[in-house]
Each structure stands twice: as structure tokens, then as C-alpha cells.
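Take a look at the following structure, please.
As written, the chains take the letters A, B, C and D, and residue 1 is the first residue of each chain.
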Amino acid sequence: MSDDAAGEQRIRSSFAKQGHMTALAATIGPISRGSVEIALRPSAATSQQHGFVHGGIVSAIADTAAGYAALSVMPPGTGVLTVEFKINFVAPATGDRIIARGRVVKAGRTLVLTQTDVFAETAGKEKLIALLTGTMMVVLDREGVSD
Amino acid sequence: MSDDAAGEQRIRSSFAKQGHMTALAATIGPISRGSVEIALRPSAATSQQHGFVHGGIVSAIADTAAGYAALSVMPPGTGVLTVEFKINFVAPATGDRIIARGRVVKAGRTLVLTQTDVFAETAGKEKLIALLTGTMMVVLDREGVSD
Amino acid sequence: MSDDAAGEQRIRSSFAKQGHMTALAATIGPISRGSVEIALRPSAATSQQHGFVHGGIVSAIADTAAGYAALSVMPPGTGVLTVEFKINFVAPATGDRIIARGRVVKAGRTLVLTQTDVFAETAGKEKLIALLTGTMMVVLDREGVSD
Amino acid sequence: MSDDAAGEQRIRSSFAKQGHMTALAATIGPISRGSVEIALRPSAATSQQHGFVHGGIVSAIADTAAGYAALSVMPPGTGVLTVEFKINFVAPATGDRIIARGRVVKAGRTLVLTQTDVFAETAGKEKLIALLTGTMMVVLDREGVSD
């Protein structure tokens, strides 16, 4: 198995352990070095009071995409933790699917800067709805934190 | 019914419409003018890959507490939308309960600056786990947006 | 004079009024609709304690580039105010020139989301040193705020 | 000399090396463990296009106060770097003095979360004008980075 294939498997296996992603029926899409995509379909369980997808859920998939994009460039044996993120919402989260595309902006030894663009897809057409920038930390030898 | 009682009822009724909060079994606690508390109990459905509560869920209740704190100072007939928030995570979200306390820092005519402190409660003792600052927008006459 | 030329002149004239930009000897470069560049040369007056350009100055030119990028898409007669920005620093601000390239991500009626990439140029080669995302507000009829 | 006195002297001596703070005629006020105050008087050299103090300068003193608050709790021999900050502006920066009060929210081994409240003082009365939250990094053995 190539390094890339091992890296991808590590992310898919970590994603499968996320009870929250399972509860949201979120799916993980294409993974490449420094870039990960996560998507979900709006449902009653994802709504806020106006019927749009809750900003916390948009944040959850955007943060998850960013975190795994960061993990994809970290050495084997490390884990990833989110230090912080900011998210700007520019349009209501409504449509057939919400798609979060995370990527690495700059990878340091300890910290990785990431950015996620979130789109709402309606009838096959995508529209930007949110923009997240986040700092991810490379974690080594911390109990309970791997991948 | 006093203005404050009407304001509180408006928030409780809006909260009840949030499918995501219901799915998380989150509860809304004390409400006063400019200040709202939301809490939940960790479960399998709230976890990320390390077993902690997912950062997206911590963000969801922190953003919701901030949004309703803002709504509590807005005129009747308006709605609230999150423009942006930043959240810093300072300790793992684990314990008996996760509690988000949102408050208004500065209320303007169009924008309201809010802050939420998030705590993990374990055996009755609270520990700060995250800090959110967010900009909320007063929305008037926008289709689909009330409360 | 074309609309674009008028827009560009409005920004150059507003920039000339900024005492702080003059004090920093910052210069405004290419301007197009939705995109503005500002640069400066490091000097003793721009340093923090380690000799790098101060994060506040990197922020100042990044915020200014973002603000004018936003202004470039706003109607005549309005002014621009920064609501908030986040900036992540990914490498020391040192080199021959510091260059901030601001652009509009999404323009709304009241708020404009912007992003600025900041580079350090050394011997003609550019390196990303900071990333800003900011919310700009369209201001109409507020005393003292034009352009 | 007590540890606290040594810590305070370390910060005052580092502040004196900041060419940018000198250029702004900014002054450093009370310092205690986890808390630092920096102030300046508005002048032509600190203005943006509307005559208010430039957001970049408000950010510069807010970031500096936060950074030194963090440094005040770091071990001797380390240096401080800003990883990121977000700043929200809630009122124009105008008055007799602009005062930034930084404090530590949570100190970790590698990262320190800080918050700075910025006030405008007019005729002896203070008004909140901005709120910064920032992540500071403890730096050890990096060339050129001490204090």
C-alpha cells in the first residue's frame, strides 16, 4: 500500500469513528494530500429555527474537512486537534446538499493553517455559503488523541 | 405578560423549532435580557474520533446561546442571523454536561457583538473549554427569518 | 471618466487621507473591481521586539487592502467600516517588501466578506506570511464616514 | 529582585525594542501576572481616512497587550509569537486616549489564549471600542525570537 493510500485509509477510518458525523449521515468524499471533502443532505435533524441547516452543523463539517486536510499532511502516529476556527456565513445553508471542501494553506511543524469553502448545491449548481479558516495542531503522545 | 416574559417565551419557542437542538437533546436554561444558557449531555451521537464532544457541536450550542442572547435585546418582529464567529478550544469537551453561556457585549442597531464561554461540568465542577465571539445581525422583513 | 476610473480615483484619494498609511510610507498598487494591493518596506519604525514587521502593521495593510477591495464594489456615496477581521500569521514578516492583496469573496447589500493574502518579498520571490478574512460594512449617511 | 519584578522588567525591556510602539508613542502601563495595559494618544500619524485611529493601530496595541500578558506567564528563556487574533470593532476609535487591556484566558504548555478589551477614553470616561481574542505561542530556541 502506498503512503497516500495509507494516509487516505487512516482518515476514512478516523471519520468512521465520529459518532456525530454518523448521526448527521455526513459522508467523506475525495481525499488527496492536503485536501478533503465532506458533505451532507439537509434533514429535520439538521435545522435551526428558520429551517436552514444549523450554523453549528455547517461549522462541524467545515471543521472536520479542515482537520482531516491537516491530518493528511501530518506524520504517521500523530493526531489532530482544532485550536481555533473562524467561520463567516454569507448565504443561507439550504439546498440538496451542503459540501465542505477543506485544504491546507500552510503546514508548520506544530500548527497547520487550513481553509474550508462551504457550498450549497441545488439542482447540481453550487453556491458559496460559508468560509472557515482554522488552526490545527499536530498532537504527539497525548493520551486518547490519535488520528 | 411583561416584556421580559414575552421576550423569554419568544426565545423558548424559537429554540423548540431547532431540529438540530432537539436531535442533540440540548436544553435551554436561564434566560435574561442579554444572556442565555444552553447545555447538553455527551453521548455517542455527539462524539468526534477521540470520543470527545465534536467541536462542531460545542460551536452549535455556543453559537445558539450567543444568537439568542442577541435576540433577547432585539426589537419584536426582528430575526437573528449569525454573520460570523470565532471559537477557540482550550480543553477537551468531555464531562457530565457541556454548558454554553452566551451574553451580549455590545448591541448596535444592525449588528450585535456577543461572547459565549463554554464549560465542561464534571462531578459538579466547571472547567472552561472554549471561548466564542460572534457577530449577530438584526434581520427585518426577510422572508423566512423571524426570531 | 469611466465608472471604474472614478472608483479607482475615489480609493486613491481616500488612501491619501490615511495619516497612518502615510506614516508607514505604505503605497497603494493595482486597483481593480473587487481587488486592491497595498505594500510597504520594513524599517525601524515598523518593527516589533524581534525585528520583524509588527503584526499590527501587517494587519493594518491587510485590513486596508480588504476595506478598499470592498469599497470598490460599493455604490458611490457610501463609506466602508471594518466590522471584524481575523488574521493568521504563518511566517515572520521580514524581507524587502510586505505586500497585501485584498479581494472580495462575497458582496452583500450591507456586509461584504473579504480576504487578504499577505506576502513577504525577498529578492523578487514571494512567500505567504499571513491570511486575513474580514467583514466590511456598507455605511450610508453616517456623519464623518465617506469612502 | 523577585520573580514578578524580573518578569515585569523583561516585558518593559522587550516593549522598548518595538520600533513600531515607539513610532506610535504608545506607552506600557500597569503589568501584573497575566495582565498588561498599553495606551496611546490619537494623532495625525494614527488616522485612517475618516480621522479615527486606524483599525490596524487599534489591533497593534491590542495584540501587543495580549502578547505581553501571555509572555508574563511564560517561563524565562522563552519568547512569544502571535499565531492568530480576531478583533471586532464596536465603536469609532476616537477620544483622548486609546487603552488596550490584555489578559490571559487560559495558559497551556505551547499555546496561550488571550483576550484584550480596548477602550476610548474621553474626558476621563471610558467606552469599549474593540474586543480581541488571540492565540499566542510559547517559542523556545528559535533564532531571533526571545521575549
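For the reader, a short list of remarks on this structure follows.
Here is the rule we go by: a residue touches a chain if its C-beta (ideal position, glycine included) is under 8 Å from a C-beta of that chain, and two chains touch if they have at least 3 such contacts.
In this text, all values refer to a predicted model and were calculated from it rather than measured experimentally.
Look at the CA centroids: the one farthest from the centroid of chain A belongs to D. In the Cα superposition of chain B onto chain C, the rotation angle, rounded to steps of 5, is 180 degrees. Because chain A and chain B share one sequence, their contact can be compared position by position; here over half of the interface residue numbers appear on both sides. Of the two chain pairs examined here, C-D and A-D, it is C-D that is joined by more C-beta pairs in contact. In this assembly, the C-alpha centroid of chain A lies 33 Å from the C-alpha centroid of chain D. Separating the CA-averaged centres of chain C and chain D is a span of 22 Å. In chain C, the residues that reach two or more other chains under the touch definition are 83-84, 86, 88, 135. Those residues of chain C that touch chain D in the shared complex are 14-15, 17-23, 43-51, 54-57, 59-61, 63-64, 79, 81-89, 92, 144-147. Partner chain A is touched in their complex by these residues of chain D: 83-84, 86, 110-111, 135, 137. Considering their complex, residues 86, 88, 90-91, 105-106, 108, 113, 115, 128, 131, 133, 135 of chain D touch chain B.
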